[in-house]
Each structure stands twice: as structure tokens, then as C-alpha cells.
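Dropping the structures in below, format is C-alpha cells.
The two complexes that follow have subunit A in common; it is paired with subunit B in the first and with subunit C in the second.
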Partner chain A sequence: MLRRTTAALAGSVAALSLLVTACGGAGPDTTPSKATTGKVTFWSFLKGSDHVAEAFNRSHPDIQVTFENVPSNQEYYSKLTNAVKAGTAPDVAVVEYPHLPEFATQGKIEDLSGTLGPVVKERFPEAVRQLVDLGGRTWGVPRDVAPLLLMYRKDFFTRHKIAVPTTWDAYRTMTEQVRKADPDARGGVLFTDNPGLLTALSWQAGAKWFDAGQDSWQVTLDDGPSKRTAAYWGDLAREDLVRSLSAADPFWTSIQKNRTVAYVCASWCAGAHQATVPDQKGKWAVAPVPTWDGKPASGMYGGSSFVIPKGSGNSRAAAEFIKWITTDPEGMKAWVSSGTSSMFPADPALVPVTKAAFGTEYYGGQDLYALGKASYDAVRPGWAWGPVMGATNTALVDRLPKVAGGTVSLPDVLTLAERTTVAQMKQRGMRVTAP
Partner chain B sequence: MTTPSTLPTAPAPAPAPAAVPAPLPHRRRRAPKAPSALLSRAGVTALLALATLYTLLPLTWLLLSSTKSRADLFGTNGFAPGRDMHLAENLEQLFTADGGVYLRWILNTVAYAGVGALLAAVFSVAAGYAFDKLAFPGKERLFSLVLLGVMVPGTALAIPLFLLAAEAGLVNTFWSVFLPGLVFPFGVYLARVFSASYVPDEVLEAARMDGASEFRAFRTIAFPMLAPGFVTIFLFQFTQIWNSFFLPLVMLSDQDLYPVNLGLYVWYSSALSQGHPEDYLLAVVGSLVAVAPLIAVFLMLQRFWKSGMTAGAVK
Partner chain C sequence: MATPSTLGQRRTAALLLSPFLGLFAAVTLAPLLYAAWLSLFTTRTSGLGFGGTESVFAGWDNYVRALSDPEFLDGFLVVAAYCAVYIPVMIGAALALALLLDSGLAKARSFFQLALFLPHAVPGLIAALIWVYLYTPGLSPVIDLLASGGIRVDFLSADHAVLSTANIAVWEWTGYNMVIFYAALQAVPRETLDAARVDGAGAVRTALSVKVPMIRPAVALAVMFTVIGSIQLFTEPKVIYNASSAIGSSWTPNMYVQTAAFQNNDFGLAAAASLLIALFAAVLSFAVTRISRRGSKP
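What follows is the complex of A and B.
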């Protein structure tokens, strides 16, 4: 019993922050200050990373950044974990928000509180700071955020006199109207291979899946708002009011064939959508995401941050690079230089940069960034990602395809995923006090 | 990393229902022998047809999808041809994307798999021959070590190999993927079996009588006799390295060193989620081009392959 408690404490957030400060956190500050120079390796799977590295090298002759294009998904995170273990990690790496706590609690990334912490505090709103801060320390610097939006076929809605829903009750009515108007068409999707949207919608409803206390975690994947959201989408899928399909090509096929005429997505989807289905130009429009009570509320579906993995030989230059690519207008300009990205910068001051780069003729000239800004402002506070999100997501994805068939209910999927998550966390020596 | 398999698959309700109706028709079928033979033949044919479909359907999809434009890729049925032929454009895009990096991936793969498997086959045949024909202390114990190597799957070794390579400073170099490909315990085992059945001891005896050194006897007498075995081992290892994904994934991060499957995965994994559907199409066309060499190698060498597979079956 005693042994177990010690192990649990060692893995807990409080102990971790202490430990990290003790061994690595002070490093960059105590080194004698000289100009930041040297080589920086940079791992990323984000589009535009090559342009960003080039642009940085041009404007910073003292630092040489080498960009390495790596595959995304879970494979990337195991690769990064192994690289840190072996001491061959890069100096800068991309990590999506859901995976950040996992790297932080395992001590795989540097505590940035001393170096980039002030920048994060100064430039980024609470809605995204809550995603990179853990245990009172800063572990990553946000690049983009992914507030929710509703994409819909304007032509279809007008032709069949369907109103754009602002509440989830109205959304349900809309899906019924869509199916009535065209038996082949549906007004939404439940992705079977990506739990991100369901998570974001729970977040929007006010759910809190994880809470890191002083020395323990609370895990409540099936709290009230989550259950409500899950029951709602589970019903829609079972009644065949929304499609249940993979987020990869089956989804885009359904768009291309006019079988999906509305779906909830995030700001970045606008660019992905227009690039993938270019011939539906002018037919789509974007609206605020519906909410439960009609008042603005949002969550995030995607987004990424940058970290300095443990063992980086040049964390000063790495920090300089991270700062430039996340908060400098020139850096942001390089990210979106292809003109195809509709990503929403985490730093609100950079919105004009991305807005200028992304043409919205596809959406009839709509001001997407105003919609994105409103949604970003409405992102619910109090959300935190868990320390074993890989396991959590796998547990969710394993059962999602069975929801539409009625073999398992969506709220039950959450309960089962919670069980898997808690088991995994205990296995790693973390203390879980709730449920 | 391979995706964890789903835990709660429905328990297989296997033999029970099939066993129940068996006895009755059993007796009836016994008397006239023809229907049973016919049935089994139809059954076998149906099973083979199913297996053929299973193999050919994905290939058909790949072949058809590679000829489509991006709009057709999502707008038309996967098993129907697109509205217009787009293969030439797709190929051109494939070989010019990212400064022609695809060709580089192919060449890398040829080096990893082609050269690697060639050397691995040479080493395996030499080692297997030695295990069979030469006497040295600790031989059988050494050989059981080789057999142990056969049992351990390559994926399980990727992480330990990676940690070793990190110690040696080889991570993210050509050698980190090339060197592990040279070790092929199963090939050594096969070569020993081949050597036992293809190379008569008397021939070697005669060579030694004529004054040939051990090495010369192996090189000029035994090795040609082992040629079919050599090709079999080469093909085994060639496909293994060609398909190896996890090892290059953990070892490499420099895109210029990627083998083709890893490169295709990079294109595929971020294409649709990040709004670069052209990468998705590239991954599709790239996959088609990547399987072509494998098919060519097999067509050319299947004669050896077949004879190698059945070697020692009689003896």
C-alpha cells in the first residue's frame, strides 16, 4: 500500500512540477547569456512547416533550422517518445493539444515556464492557455486553435426552405427536414474513426473530462454534459438522421456526391473543404455552431502547439524559433503562404495575417475569421486534456462504429472509455480520485 | 505502431450451428459419390474465388483510383472508372511533387530492400551451408540461437534496435535501416535445409580431394547448386524489407532517407485532415507505382521461388 502511494505521488502533477524544476527547468536561464546561435532540428507534420523554417533561416542568420517532415497520427507520438528516450529527439516538435499532458506528465518535454511562459501569458487568451498549462507550468506554445463552426449547403437550405439551426433542438429538426427533402441527403455526421468532434461537442456543452488536482486526477468522461451530448448524437446516428462514417475519404465522397449537406467542424475545415471539393464553390456557407441554450458556446476540434523535447541541445535557439513561428506576424505569414489554409491563429493579434492570406470566394466572401473569432471567444473555460489521451481515443474509436447500429449506446461508449483511461492511468502510477 | 486491435469482438459462435444439421444429409450423400465430389469441388472453387476477390479488389480500386482526377476520386464509385483519364497527369505530379522526392524514396527502397536482401541472402546461404556441412564446436547450440531469432518478430525488435542505433549514433542514417535488414535468421534456417537436400556430401568430398579450399568448394561448387534456395531467401527478405514500416518509422526523420512506404504514409496521414487532398491522390498513385516493382520481381523469379518452396518436400 505504501509503495503504491509513493508511486502514485511520483506520477502526480505536483511532484512532477517540482521534479522538473529541480532538474531541467532552470537550465536555459542559468547558462551565461550569449547570442542565441546554432542548429535547431524541427519535427512537424503541419503543412507549411518547410516555408516557416526557410523564412526563419532567412531572417535569422545565426540560427540554422532543419525541418524534418514526419508522419502524423499516433505513430508520430510513439516516435517522439522513443526519440526522447534514446536521446535523439529534435529541438522543436509539434504536439497537438490532446497529447501535451501525456508528454508533460512523463517528463518528455522541457518546462517552458521560465523561457516562453511570459510570452504565453501575455499573448494568448485563457481559452488556449488552459491547454498548454498544466500543474501551474507552461509546457508548450500554441500555434493555432480550432473553434467549432457549422458548415452547410446554402443552396440546399434555401431551395428547401430549411432554417440554419442555432440550437441543438433546431439542429435535430434540420436533419429531419434534410432527409425529408432528399432521402439521400443527411444534415450531419458522426465520425467513426475520430473521436475529436464528439469530444469538442462535449466540451462545448460544458463537460470536463479531466481535472488535475494537487496530487491526483479526476476523470469524468461521462459527466452530465457529456452524457447529454452523447445521447443526442447517438440518437441522431441510430435514427439515421446523420451519417456514421469515416472522416477520411468516405466523408469527402459523401460531400462530393451531395449526400452530406451540413456538418459541424472547426475553423481549419474551411480550407480543407474548399481544397477537397473545389467544384462546389459558392454552394457552401459557414454559421456559428449551434448550442444547447442558444447562447454562444464553443469547444475545439484540433489545433497544435510546439514543445521543446527533453534532451534538446539548443533550447535557447529552439525557444527563439518557437516564439517566432507562433507570435511573429512574419512567422504566421509563412505558415499560411500557400493561401490554402484557413487555420485560426491562437494569438488573436495575428488574425489579420491569416485573414489576408485566405480568400473566401468559395464561401461567397463570408467573413470566416469574424465567425472564428466569435467562436474562439466562446470556448468554454475549464477544459483539460488527459494524460493518456492515446489510450482514451483508442477506447472511444474502437466502439464508435457500433453506435449507429445500436449495439452500444454512445453514453455507454464514454463510460467504457473512462474505465479504460482510469485503468491506464493507474497502471502508470497516477492517482485517480474520481469517479 | 500497429493499431491496437479491438478488445470486445463478439465471441465467435463457431462450430455449434454447423455441427447440428450434419448427420442427416451425411448418410444421404454417402451413397452416390459424385455429388460430394462435386460439392467439394464447388466449395473449393468458391473459396478460391473469394480469396481471389479479396486479393484483387483492393488492387482494382487502386488501379482505377490512380486514373482519376481529384473530383472523380471522391465523386465516382471506387470500382467504376472515372469520367476522364487522368493517369498521365497524376504520374507527372507524383514524380515532381516536393522536388521529385518520390523517386528518391523508390531508390532508397531499392537500396534497402534490393541490396539489403541480396547481401542477407548471401550471408544466409553461407551460414546455412556452414551449419550443414562443416563441423565446429557448439554448432547445434549456435543453431538454436538462430532458431530463437526466427521466433522473435521483427516489429518487437524495432525499439531495442533503435536504442542500440542511438548509442552508436546511427539514428537517422541510411545504415540504421540497411544494417538490420542484413540479419535474416529464417534465411539461415532455410539455407541449412536447402544445403542438406541440394548439395551431396560426395561432391564436396571430391572437390576437397582435388585440392579445393573450403571457401572455393563453397563458392564454385555448392553455391551454384544452392541457387534456387538463394533466390527463395532473397525474395523472402526482399518482401520483408520492402514492407517493413515500423523500423524506418522510428529510425528515420530525414525525408530524403525514407523508404517509399513511409513516404506514402507521410502524404496519406496528413492529407485529408489538413486540406491537401492532392497529397491523398499522390499517396494513391504512389502506392500503385510502388507495388509495380514487387510484381515485376515476382514474375521474373517465380520459377525459382516455386522450385525453392517445394525443395526437400520429397526427400
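What follows is the complex of A and C.
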């Protein structure tokens, strides 16, 4: 282990000196030492960010990283956008994959092709690279990926002899069995304020909401696989087989009160779950996400990358910090050292590090990272996020709560959100061609 | 023809007015002008959009877009429905309470005055958060109580959003307006009330036929402020929206502006919509003033 770490460190030092040389190529007067000193401000809402900044400062005496905790959700992205506009942006900021194209097209982040582009190319598989390489340029460096998994109450399933579903047909049967076994319990959720899971499930089904061609976008939120997924979940919600509720407190309350006994989530949920409901230790287990045809397939629900906002005063030190926290084993260890993060590293070589750091007593010693790896490998290629995801998500969220009541059908929600998205893109001057 | 003395007077007037005018220009006129300027531009990119953005002159385009956007216009209908519920209930309650306090019947007058005014001392955001807690299924003792009585109600659904929002506002503002009305009632001349009593009017008759007409200007003023405040409805529904997205991100005109600016980065549209709201508020308050003035003429 030690040797591995040393080798990796040596590797990153070598890569760094290459990087510095590459940067210095533009001007003859640039000295390498100048590139890696100074102060770096760092905005993040991810668990363990404070540990990472501390650990980096300990091992890099020339660079002083100041961590600032920020709220998650849309408010954060507004804050970051405004900070760039006001010239008070940090040097490093977290941006989740869905929001990256919007920041890139708004001209709010630096093009990292020349600095961190080679690192991204070398370390990360295609499934995640396609999320940060946009329009032929690299805009962010991936930290984690969020392949789908199924969380379920082992005790409940055993007691009522319910089989863990591997297909969506079987999943439907499972939700019926759950409700029959306990009228207060449900075997799934349709989040009303977070469209991310619905998106991930469409992705898993083979949907492609956005496609950036040569010089114009194709937008198909209601393509075949998406409609199929939406019709399926819309029916489950309307028939009261899954709960329709907010992803925040009401969801966790329903877990706490044994009213939700299974739900689809991503790799990071295992950590969030055990931190939020510690007293249900030993009752939960994790399974591969069901698929339409029984063959492995997955999508991503979440996942974060790091960017350098426009106006950063110290982008070289920022680049070094980003590289360390995304690809260095020590950096990865610092992320998970707090003990509640079950994030899956985007760099497959770092999986052993996180696996060793995450205790799985809560899940009875299950090998969560093997499940995560299988799901990551099964993520469908070719997915792209859109350039106005803020507007797209709002258009979805504004109608999601009405699905369970039957006021609007879930496939129609997708069609309406597509209309809003295309209008917003055209308003911004982007070229959109009909599929 | 300015004589030296009027010139001096003007100079003094200018000197005394200058702090107000300076602040007025800095914090009211300048932002208005800046918003007007912003409303004439839009941000454009091209192709896939990864080549950067530029600000281009849009003329009236942003205004046309706002006025032809059903989401923006629907916001005004929501506010109208909200006013139809909120204003009669709140003003009526405030007036009734003020008359009760002013009548000889009330005991412990200053205690009730303070108790009724207290909700207004709670900042609007905090009040909204407390109410949302009371509205949230699974957390709210009120909902549990109603459920045990067989009544199932979702305060956060789109169907009940107007009532839920108006309820918060009634709680917050009734005490405040009651204090205003009570102060106005104190200024009603005692001789008039004595005369009414001598003429044989009882307490109720005095209240309705003497006191209420005499404080009509105060009531009209309160209605006007309430109408203007209602057009700017934002905090309460925004907090409700965060708890349950059922009411939508552009439920009121101000929420529409916020969504346009901070969700869609469309500052031109947001500025145009803001100015339209301001214009609407100005026209409406002018109308309310005119109507109440006509009504108060003998």
C-alpha cells in the first residue's frame, strides 16, 4: 500500500512538472516555482471538503487553501454565477455534472484543456469524460461518479418473502407485495422536488436528452426510452405504489418511520443513508438497480467535478489543488476519512482507497464498491447534460408534484420541459435542430 | 423675479432637501435607471454556446417577452386571488379588534395591543418558516390533529397555496394594522362620541356609523399599502416553494423575476419584468387613492 502511494505520488509529481512545463511553454520568463505557490480559495458543499483542504495544506506548504462552506442546490449555482460576475469568485469550485454545460456556455469557468485536459484524458474512463469534455474542450475534473443502486430493507423483504427485483417488471410486483404486506409501507419514491433520479432512470433506459452535434444541439427529453420510464413511474405514483414526496425531510422521515422500505439511489446514498438513519443499522442492504431487460445497465444520479471560475487570481495553484483532490490517493483518502461518504471515485484506480476507508458494518459487511463498480461499468455511453439545466430542472420540478394526483402525466411533463428548454436555448442564441 | 429674500429661502430649501434628494437619487432613482438600462439588453451566444457570450441591444424585446409569457401574467392572477382573500379578512379583523379595544368593554387593553402586535415583530422569513413547519405533513402537530379527527388536508398543495399564504400574511399584519386603526380611533373627538350617545346611539351603532367613517382615511391608507405589498408577494410563497414545489417557481410576479434572474441568468428579462411590476403597482395605488378620495367626499 505504502509503495503504491509513493509511486502514485511520484507519478503525480512527474505529471505536475510536465504540466508546469506545458504551462510555461507560452512565455520564456515563467519560473516553475512561481506556478505552485500562493493562496487558493475553495468553495464546496461536499462532505469532507474541510478535511481535504487541511490535508492538502499539510502536504503542500507553498500553497494555502482556504475552504469556504457553501449551500448546495440551485442557490449555490446562483451564488457562484453572481460571484464570477462581481469578480469575487473563488479559485476552485465544485460543480455537479448537470450544471457544467451551463457554466461553460455562460462563459463563467475557465477552459482547462491546456492545463488539466491531459490529466482528464489519462485518468478517467469515457463514461465520465463525456460529462466534462464539452464542445471539444475540458471544463472540469471529475471527482466522483454516481452509478445507480437499489437500497432495500433486508429484514422486511425476508419477513414477507419478497424477492429483490432485477427487472422493472419485477420491481412493480415488489411494490405491490410491499403494500400488501404493510398498507403503510411503499417500495419506492417519486421525488417531487428533484428530477435527478427520473433523469438517471431515463439515462439507464437508453435515453439521450441532449446531443451536442457539430454546431447545433438536439434536445429530446421525450424520446422513446424516456417516455417509457416516465410512463412507468407516473403509473406507480398514481396508483400509490410508490410515494410522491420531497427528497428532503419528508423522504427521510418516511425511511425513519418504516414507510419507505426500498428506493433507487446512487452510490453516494449508502453513506448519506447510514448517517441519517443510524438506528436502522443492519436492516438495509444494497442490490444492483433493476433494468428493463435484465441485462446490466445504469445511469448516474449526481456526481461532482471541480472547476476554475473565471477571474481566479491563481489558476495554476488551483489546478494543482484540483489535481490532488481528484486523482491523488492521499486526496481521495482525505475525502472519505470523515467516515460518512460512500462516494465512488471517478478514477477507477482510486476505488481501493475509498473502499478501504468506508466501513460497511451498517450493511452487514456487503461489498458496496463491487456493486458500484459493476454499475459504473454498465453506465450507458453517449449521455450529455444540457446547457440550460437550471431552466430544464425548474420546468420539471414545477410539474412533478402534480403527477401523483393525476393532473398531468409524467410523459407530458417531459414534453413540456423540453419545450421550455428549447425556448430558453434559442433565447440564448444557441442553435437547436429538431431531432 | 427672485428677490434676495426668496432666493435665500430657495437656497435654504435646497440645503434642507439635499440629504433626501441625495439618498433618493442614490438608492431609488439610480437602481431604477440601471434596471431600465439592463432591460434593453440580452445575453447571446451562438452555435453550441461554448464560444462565449456577448451582450446585445434588444430594444423592447424583453418587455414583449415578459408580457407575452403566460407564467408572468398568471402571477398577477394569483396575486388578485390572494388579495381577494387576504385584504377583506385582514382589514376586517384589524378593524374589528381596534373597535373592540376602543370600546369601553375591553379589559387589559395594553396587554392585548401588545399580544396582537407581536406577530408583526417576528421577521417575515422566520414567520414563514414557522408556518411551513406547521403545514408540513409528518412534522406538523396541526396536521396530525386534523388527521386524528378524520380530516386530511395538504396545506402545501397548489390547491391550498393561496389560502396558506394569505393565512401567514393575516397572522403577520392584522396586529400592525389594528394598532394604526386604534391610534386613528383615539383621535376621534370625544364630543362627537358624546353627541352620538346623547342622540341614543349604542356602542355598535356608534362604532359603525360614527367611528368607522371618521377613520376612513386611515383604512384607505392601510388598504393601499396592503395592495402594494401584495403585488410584491415573495417571501412567504418562496419559503412554501422550497418546502413543496407544488406552487411552481413563478407563482407570483416577484418569484418570476427571481427565477428569470438567478435561475436562468436572464437579467434583461428580470429587469423588464421588475419595471412592469413597479409600473403596475404605481397605477394601482393611484387608482386606490382616487377611489378612496372620492368615497370620503361628503
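The working rule: the second predicted complex is superposed on the first by the 399 of 435 C-alpha atoms of A that agree within 3 Å, B and C clash if a C-alpha of one lies under 4 Å from a C-alpha of the other, contacts with A are read in each partner's own complex, and residues count from 1 in each chain.
Simple rule for what comes next: a contact is a pair of C-beta atoms (placed from the backbone, for glycine too) under 8 Å apart; a residue touches a chain by one contact, two chains touch by 3 or more.
Just so it is clear, the structure is predicted and the values come from calculations on it, not from any experiment.
Participant: Taking subunit A as the common reference, can subunit B and subunit C both be placed on it without clashing, or not? Answer clash or fit.
Facilitator: clash
Participant: First (subunit B), second (subunit C), both or neither: which does A:Asp249 touch?
Facilitator: both
Participant: Have a look at where A:Met430 lands relative to subunit B and subunit C in the superposition and call it first, second, both or neither.
Facilitator: A:Met430 contacts subunit C only, not subunit B.
Participant: May I ask you to decide whether A:Asp193 touches subunit B, subunit C, both, or neither, giving the answer as first, second, both or neither?
Facilitator: After superposition on chain A, A:Asp193 lies in contact with subunit C alone.
Participant: Please work out whether A:Thr229 is in contact with subunit B alone, subunit C alone, both, or neither, and reply first, second, both or neither.
Facilitator: A:Thr229 contacts neither subunit B nor subunit C.
Participant: A:Gly87 contacts which: subunit B (first), subunit C (second), both, neither?
Facilitator: Touch status of A:Gly87: first partner only.
Participant: Go through the superposed model and pick first if A:Pro387 touches only subunit B, second if only subunit C, both, or neither.
Facilitator: A:Pro387 contacts subunit C only, not subunit B.
Participant: Just subunit B (first), just subunit C (second), both, or neither: which does A:Asp398 touch?
Facilitator: both
Participant: On the A-aligned overlay, A:Gly271 touches which partner chain: subunit B = first, subunit C = second, or both, or neither?
Facilitator: The answer is first: A:Gly271 touches subunit B but not subunit C.
Participant: Tell me the contact category for A:Ser78 with respect to subunit B and subunit C: first, second, both or neither.
Facilitator: A:Ser78 sits against subunit B and subunit C alike.
Participant: Clash with subunit C: which of subunit B's stretches 21-29, 93-101, 111-119 or 129-137?
Facilitator: 129-137
Participant: Where on subunit A do subunit B and subunit C both make contact?
Facilitator: Shared contact residues on subunit A (touching subunit B in one complex, subunit C in the other): 74, 78, 82, 249, 253, 257, 394, 398.
Participant: Can you check the complex and tell me which residues of subunit B touch subunit A?
Facilitator: It comes out as residues 1, 3-4, 6-8, 70-71, 73-75, 159, 162-163, 165-166, 171-172, 249-250, 253-255, 262, 265-266, 269-270, 272-278, 280.
Participant: Residues of subunit C touching subunit A in their complex?
Facilitator: Touching subunit A from subunit C are residues 42-53, 65, 136-139, 157-158, 243-246, 248-250, 259, 262-266.
Participant: Looking at the complex, which residues from subunit A come into contact with subunit C?
Facilitator: Subunit A residues touching subunit C: 74, 78, 81-82, 104-107, 134-137, 192-193, 212-213, 215-217, 246, 249-250, 253-254, 257, 387-388, 390-391, 394, 397-398, 400-402, 424-425, 427-431.
Participant: Can you tell me which positions in subunit A touch subunit B when the two form their complex?
Facilitator: It is residues 41, 43, 45-47, 68-75, 78-79, 82-83, 85-88, 90, 247-249, 252-253, 255-257, 268-269, 271-279, 302, 340-342, 394, 398-399 of subunit A that touch subunit B.
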